[in-house]
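Two complexes come next, and they have one chain in common, chain A, joined by chain B in the first and chain C in the second.
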Partner chain A sequence: MNLDWLDAFLIFGAFKVIEIMGLGLLVHLQLGLTRVANFGVVGFWGLGLYAFGVAYLKVDWPFGDVYQFLICAAIATIVAAAAGLVVGWLISDLDDDGTLVGTLGFATIVVILATTQQGLTGGALGLGGLGFPYDFGRVKTHEFTWLLITTAVVVLIFVYAWRVHRTPHGRLLIAVGANEALARSLGKSATAARLRMMMVTSGAMGLLGAMHGVMVRSLEINSLDVSVTLAALAALILGGTARVFGAVVGVLLTVALFDIVIQFYIPIPDGWNTQALPVAREAVFGAAIVLMLIFRPQGLLGQMRRPALMRRLHGDW
Partner chain B sequence: MVNSGDTSVTPAVSVNGLSSGYGSVAVLHDVEFTVGHEIFAVLGANGAGKTTLLTTLAGLIPAFSGSIAYHGTDVTNLAASESARLGVGYVPQEAAVFPDLSVLENLTVGGMIGTRPHEERLEEVFETFPDLRSKLDLRAGNLSGGESRMVACGRALMQDPTVLLLDEPTAGLSPLYLELFFEKVAEIHRTRGVSIVLTEQNATQALGIADRVMVLSLGVGSEPMSADAVTTDLLREGYQI
Partner chain C sequence: MTGEDLRPQILVRDVTKSFSGRVVVDVDELVLGDVPVEGLLGPNGAGKTTLMRLIMHSIPLDGGRVTLSRPGQRDVVLSATRTSQMAGLGVVKSTQVITDFEHLTILDSALLAVTEARYERPFAAAADRAVRKRHEDEIRHWLDYFGFDDPLAVALSGGDKKLLDIVRCLLLQPAVLLLDEPTAGLSEDHTERVKSAVRELAGKGTSVVIVEHDLDVIWDLCDEVIFMAEGKVLLKDNPATIRANPTVVESYLGAGSA
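So, the complex of A and B:
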């Protein structure tokens, strides 16, 4: 595959866009449907990244690259899903404030563990040696292929979120999010529904973390940054927490704008890319959250469109 | 109508020495009554403990002491979802619908339990509340108070309940809806054979449809009595006016 026309940095920028889109879609299921305000997105994502990295680098697997990747990615997904189950159970009786603090606390624990368990994680120095589960010869081809594979995974996440809106489980999640006490009187366990949702979405966040590890080919403590959570939340709040397309539109207007359009197509002075731009990016994301919550809390795309969905699904009754 | 004193029939609801409340604060004190195949009205002023009684019966808050049984099965401190599976439908006074869901979805979430086809249950709800048929696609959060109450009641009926707990179903409704709603409650009992526990401040209307009545005052229940036997003096005493 001849990819000379494609800038390697553009591939990485697109990867970030796709990755945050995936996280935003998962946060949509948590916050938009079930009203679980997860401020620890980076914790679940980072746990997947580190579980994948440690399993990949510290275990002498008797398989080839593909199987090694699949098994380590499965481990990352399961570990993150288990964490989602435990955190979900711990926060199940907490109000919104408690949920925010609890999930933020979980993310902090993950960062501390990744920093202090040097024997496993490499601590502040990190660990190199992660690789792509294939070998086509050229790094750019590897990265572009990985971008396509990650895009396919995010498309699957989108389809899952899309379908959840149309299922009894999705309606139950919306009911639990809107009025948990009333939802409990419907004959289904609200706690079980929420735990299932936390487990599935956290596991998927862990899988995205593992896929990030392959792309950057290393474990770096700096990657466990609050900017991961901030980017996913800012995009979703801008686009609309209640809509599946909210995360897609939001990421295009935030991460894609900064990490692709401004970085590659706007003539900015040398040095800004590494210094001023990342700071401005965080500031703009933070400001976007504040302004949207004040002036249009339902986001650009607005509320859920259940009536339209019902008309499409059932026609005129 | 089943006379609650008839020991040969298992009551739909049996409440014995029930105390409950919030945190460490007791609101209900040693409440006792049984409900047969009838409409049982719990009357009382604001703050009497009517909502606390129904939320305890629905399993949404735990009982401090005493027992609750449905059709002879002890459900004291059973999870609300388990009570619902035993045939208990609950319609709260406030926030009785899921606002983001459409009317149709509000009804279908009520039908998540039970084995009868949804369509069959929906048709029965439409027979009771025909106005809902034309509002299925509307967002429940945009409905009027009376329409919301119909949706909430319809959702509870989708659960195929044998016992229906209605918490002040006419609170805040216009006189037009108020009369209609009491008629509907009587119709649900008559046509579906559902035992109904109804809390109300509006004593006159409630007495018009109830078989028996208990007056709740500061969390203490009176001896249940026939609706026909209730006098103004008894109500004054119960309402402490």
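So, the complex of A and C:
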């Protein structure tokens, strides 16, 4: 594969876009459908990243890649899903503010664990040695291939989210989010519905964390900062929390704009890329959230359009 | 249907509930369901809604016990059962305050009520249409009956939401149905339809308890009336007797209405 035309940074920029899109789609299921405001996205993603890294590097597996990757990625997914279950259970009786604080607290715990468990994680120094689960040539080819594989995973997440809208499961999530007491009186266990949803979405966040670990090939404590959560939320809120395409559109207007368009196609002074731009990016994302919540809380794509969807599914009624 | 004992019954015993120190419900003993349709009367704030919510266990009891008995089945202590399990036991309640699921269409609401839990899991295979197919007849029946001509839209008016609430309850095929002011705000035609639906259901063996300030509905529909005031059940008798009772006339019906 001749990839000379492709800038290595561009691959990373595209990877970030895809990754945040995946997280945004999962937050859409949590916040947009079920109204669970998860401000600890980075916690689930980071837990997956670290569980993957530790399992990959610290366990003496009797087999090599690609099985080693698959096993470790499965561990990352399961660990993150279990965390989703526990956190979901802890916040199940809390209101929106409690949920916010609880999920944020969870993300903080993940960072603290990653920092303090130096023997396992390398602490603040981090840990190198992760790699791609294949070897067929140049690094750039590997990275590009990983971008494609991650894209495939995110496409699957998209298909899942798209399908949820069309199934009884999605209807239940919307009902629980909109009116929990009424859902209960119809015989629905709101708690079980929310826990199942949290388990699935958190597990997928953990898987994306593992995929990230492979791409960057190391565990770095800095990757667990607030920017992951911020980017996913900014994108989704901009695009529209209640729409499947909200995360897609939002990510293109935020992460893709900053990490691809501005970085590569706009002539900006040297040094800005590494210093001013990341700061400006966070500020703009934060401002975007605030402005959207004030002026168009439903996002660019607007409200859920249940009647239109139901007409497509049950038009012959 | 021969004997009264064949009906599902709810036994309320020593149930109390206070809000910030004020006793709102204090019922020593009350059996619901010895006749097909019972009316629950009482002035505003008498504790009627609260009593129903205590039966549904959607608010915690301060004390006492609520038991469900159904012919041929074991008794269930409702006051030790989660609200989300009531519908499965056949105990269903409509809400006094207009309530709905934001964003969901009328058909969504109906489908939600009938869908079994196994189809609602994250990776459940059954498509929405399969679920619809299983319950299409009953949903169609009730939506047509109440005149919902566009079930693919969201219920907008208060009346539609009120009726939709009743439709959801009916689709759950209740053994015991608690209706909290079901006809408040409805047109005359819809009120009549609710009444015949109640009669039909009661005729098939459901025990119906109905709170209603529209007394014509009560006198028309009920085989027995319970009168509540200040959290206590004061009387339980046939409608004619209740109607003539001086306490009821004085404290509730007002002069001249009897």
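Annotations
Here, the second predicted complex is superposed on the first by the 316 of 317 C-alpha atoms of A that agree within 3 Å, B and C clash if a C-alpha of one lies under 4 Å from a C-alpha of the other, contacts with A are read in each partner's own complex, and residues count from 1 in each chain.
Just so it is clear, a residue touches a chain if its C-beta (ideal position, glycine included) is under 8 Å from a C-beta of that chain, and two chains touch if they have at least 3 such contacts.
All figures in this text were calculated on a predicted structure; none of them were measured in a lab.
After superposition onto chain A, the partners chain B and chain C occupy overlapping space and clash.
Once the two complexes are overlaid on the shared chain, A:V17 sits clear of chain B and of chain C alike. Contacts of A:R171 after superposition on the shared chain: both chain B and chain C are touched.
In the superposition on chain A, contact is made by A:S189 with both chain B and chain C. In the superposition on chain A, A:A76 contacts neither chain B nor chain C.
In the superposition on chain A, contact of A:M197 is made with chain C only, not with chain B.
Using the contact criterion defined above for the overlaid structures, shared-chain residue A:A247 touches neither chain B nor chain C, since it reaches no partner.
Within the superposed three-chain model, A:L31 lies out of touch with both chain B and chain C [touch as defined at top]. When the two complexes are superposed, the chain touching more residues of chain A, out of chain B and chain C, is C.
Once the two complexes are overlaid on chain A, the chain A residues touched by chain B in the first and by chain C in the second are 168, 171-172, 174-175, 178-179, 181-190, 242, 303-304, 306-307, 310-311, 314, 317. If you check the complex, the residues on chain C that touch chain A are 56, 58, 82-88, 92-93, 95, 99-105, 107-108, 111-113, 115, 117, 119-124, 126-129, 131-132, 151-154, 168, 172.
Chain B contributes residues 55, 58-60, 79-81, 83-85, 88-90, 92, 95-96, 98-102, 104-105, 108-110, 112-113, 133, 136-139, 155, 159 to its touches with chain A in the complex. Contact residues of chain A toward chain C in the complex are 164, 166-169, 171-172, 174-175, 178-179, 181-190, 193, 196-197, 200, 242, 303-304, 306-307, 310-311, 313-315, 317.
For chain A in complex with chain B, the residues that touch the partner chain are 168, 171-172, 174-175, 178-179, 181-190, 242, 303-304, 306-311, 314, 317.
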